[in-house]
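Chain naming follows the written order as A, B and C, and within any one chain the residues start at number 1.
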Amino acid sequence: MSDALSTWTNAASKNPVLRFIDINLRGAGQVIFQNNPLTGLFFLAAIVWGAIAGGQIDIAIGAVVALVIATVTAIILEADEATLQQGLFGFNGVLVGAAVPTFLADGAAMWFILVVGAAVSTVVMLAVSKVMKTWETPALTFPFVLTTWFLVLGAYSFGHLPIASMGPPALPHAVAATGAEPALTAVDLFVAWLKGPAQVFLINNPVSGVLVLVGLLISSPFAALFAALGAAVALAVSLVLGASLGSVTAGLYGFSAVLTAVALGAVFYAPSLRVTLFALLGTIFTVLVQGALDAAIAPIGIPTFTAPFVFVTWLFLLPKADLKPHPHGRMQGGLFAKKP
Amino acid sequence: MSDALSTWTNAASKNPVLRFIDINLRGAGQVIFQNNPLTGLFFLAAIVWGAIAGGQIDIAIGAVVALVIATVTAIILEADEATLQQGLFGFNGVLVGAAVPTFLADGAAMWFILVVGAAVSTVVMLAVSKVMKTWETPALTFPFVLTTWFLVLGAYSFGHLPIASMGPPALPHAVAATGAEPALTAVDLFVAWLKGPAQVFLINNPVSGVLVLVGLLISSPFAALFAALGAAVALAVSLVLGASLGSVTAGLYGFSAVLTAVALGAVFYAPSLRVTLFALLGTIFTVLVQGALDAAIAPIGIPTFTAPFVFVTWLFLLPKADLKPHPHGRMQGGLFAKKP
Amino acid sequence: MSDALSTWTNAASKNPVLRFIDINLRGAGQVIFQNNPLTGLFFLAAIVWGAIAGGQIDIAIGAVVALVIATVTAIILEADEATLQQGLFGFNGVLVGAAVPTFLADGAAMWFILVVGAAVSTVVMLAVSKVMKTWETPALTFPFVLTTWFLVLGAYSFGHLPIASMGPPALPHAVAATGAEPALTAVDLFVAWLKGPAQVFLINNPVSGVLVLVGLLISSPFAALFAALGAAVALAVSLVLGASLGSVTAGLYGFSAVLTAVALGAVFYAPSLRVTLFALLGTIFTVLVQGALDAAIAPIGIPTFTAPFVFVTWLFLLPKADLKPHPHGRMQGGLFAKKP
């Protein structure tokens, strides 16, 4: 495997077409932080499988088209070469391209905003990275989340952008635990668990979940382990708190938790017992934030996408290099300062 | 023209009363980035014309009162002198003062919050500028947007602040394209196009749009060109996507697009073909974001103001000086770092 | 008093158990910026009194448990020692712990999220402090607000987290002043005024308000004065604007205004006449923002907590050291810059 990979990398370094393909595959891989073209291929396979199984091939086409456009936009804007090579301008694009055909109906207007959104995702990646770099923190998938929120919200204002599956907007209301919930079998739980990694790519399919986990395993066993654990923690916590069984079994409490667990446990901090406990706290909190944002966003009838992962992981990465708040006391200089 | 302007500037530099008037006129001009008192005079004329034509003279009074209060507040707070002279503490005030009487009914409570809001707009300008300066990015009209959101939202909590025209709060719902939309004539399109620049000042009047464009032309032909193009792009994109005809013909898809086009195409980047294409992408995206924010804000029954312009232009200006995101890999130092 | 305090401080410096208690008491005191264990004891007494009087002892237990967990989390994460000693990792915890049992019904799930939220509040404090430190501005109670929003919103998604008192979610609607409002007696006004300081700790009880003011007086007469003035200004402005009498008499327009007045008038700027006028503007604006956020948050059925204080105080502290916005002109370098 590693030989094949180095042969490929070698070939890609010499041929501009192969290099372009390589960059795009790494872009797919970076959705779960993997700078690995084979991992990216597995992730794309997960999308294609899920799209075909669900009878929505336009999701697979959208993902690939948007991935390429996002990468090309970065090249046109002359973004940092080393970063480009790692695929860091593709991962938001692939998600934009998978999301738009999932929630909006096929049509010329949909493809128009998908193309615009894919190009914009690279601009937003540069913008968010610029801001977050101030605190040595990555943009994560926030460029995807922000861009796609803007795109799909338009369906409520533009008559030529009909909704495929989303909303309707509704006020949140408290759900009462009936105590008569149907019990989940072990198979139900296993399938729900596999759908967590699949839903990172907005795919509701357990086979896609396997492809995602295998893709991770190829590149980083640690990442695969934390992805599996993150999905399991999300399953347990959401069931214990009495979340909607429909959401739980569709993996909708799992995808952000998977990303938080991998980011905190295996990517941005050096793995250790303390880091694992910290990642566990973050993963549990991601499940709470998923429930919270589902309610908060209900009145505008759009999905949270990976916002729970982004917000929690930012909060858990930011403290990294500075554990010292501003004191509660007089500030020095500036407005109302005594003149010297 | 330029002779008259330098005579005025010369006179203003010697007489404190003329200088104060000069600063306020420049403040009006800075709404569309023009440091030019004559341009500001045209912009104020656009507001006054629209207010009188609409039978709401309090809008014109509000705009001038708030402009002066915002400027005076900056003087009292001893804000940076060079910035003050350019009118950069007035443009948010003039917009606060035009917006409040547009959406809230006349009365003592309305004037009270208008005065408080005008003073606060300068504080918010200083605060937002401080934050955005970190990334060498301007505050744009965000101080106006944020301050005025707070002011007009209060109408839903305070009984003595009745609403003039705003809301009612409603959940967004998908609009179906009927296919039976009435066709717009060339005159309809021309009037709708002119209302884009006018709505920058919350004025629904094509003559005001002419005054705004002429005011721009005096100061910067490039800015006038991009304003005209921005309004045209917004008209085309919103019609193609099937936006509500009522909103399109009132110029409500145009004003943010005008500002984005001028900001990206003629003010903050040096004009070139590549910059023009970049500004085009930003302007198209502004139209999508306008539709998105209209839906997102519907449940709380307030206008978006120029938020679509602010958000998109920030995203398109931020990448400017750094095209390098944080890598997806271990971070150095800090929390959980190995002890030396 | 001051002798007793120095005896205590001396004892605490020698005994780890007393030191831990001291840190936690200071944590309670820091809710209103006081690094003083006796003040913290008075604030805890205010919570305990209000909880017992309201028949909800779980609020007092929650506050103490969360305070301790937040502090312990800071110790485990090896946060800055000097900051820890001042109690700056406890004040968000105590508020999380008072808020959760106020709005959610008692039960295992509630205690689970309270414990998770208390630990997370310290992580969020570190994260927000890291960001705000860029502009030499404190995190204020935003970690409490953000963490608790996430926790209580979950009640709309998780069946095992029933609501005690919150919501229901509703679209805001304009309130008409009837002109037939019942007049408030002097006693009504006095009680409403005392509830402002009490509601800082989410307690609806005038005796608790007295305990809070006395706690402040012990530590800083200036802070006590501005707290009293802030509550009075909030009472006057909210009545003049026609706010709901139920909210006014429960102190719900007072708590954020109290915090803004103390922060701007007595803590972060050196007291002076100009600072007092600036604090007055900020306090009045806090009342407007309270009304605004009450309306904006109504569709998702959660309280604003101290968000009005946080947002306004940030806006009024940020300008401190830099009164110079970015000019409206071409930017240097970077994207689209001429190649050298």
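Here, a contact is a pair of C-beta atoms (placed from the backbone, for glycine too) under 8 Å apart; a residue touches a chain by one contact, two chains touch by 3 or more.
Being a predicted model, the structure only gives us computed values, none of them experimental.
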item	value
Touch-based graph of the chains, sorted into line, ring, star, complete or other	complete
Angle, in degrees to the nearest 5, of the Cα rotation that carries chain A onto chain C	120
Shared interface numbering between chain B and chain A [over half = same, under half = different]	different
Chain A and chain B, separation of their C-alpha mean positions in angstrom	33
Residues of chain B engaged with two or more neighbouring chains	77-78, 134, 171, 299, 317, 319, 321-323, 335
Residues of chain A that touch chain C when the two form their complex	77, 134-135, 171-178, 238, 240-244, 281-282, 284-285, 288-296, 298-299, 314-319, 321-338
List of chain A residues in touch with chain B within their complex	30, 33-35, 77-80, 82-83, 86, 88, 109, 112-113, 116-117, 119-120, 123-134, 136-139, 149-151, 153-163, 167-171, 267-270, 272, 274-275, 278, 299-301, 317, 319-323, 335
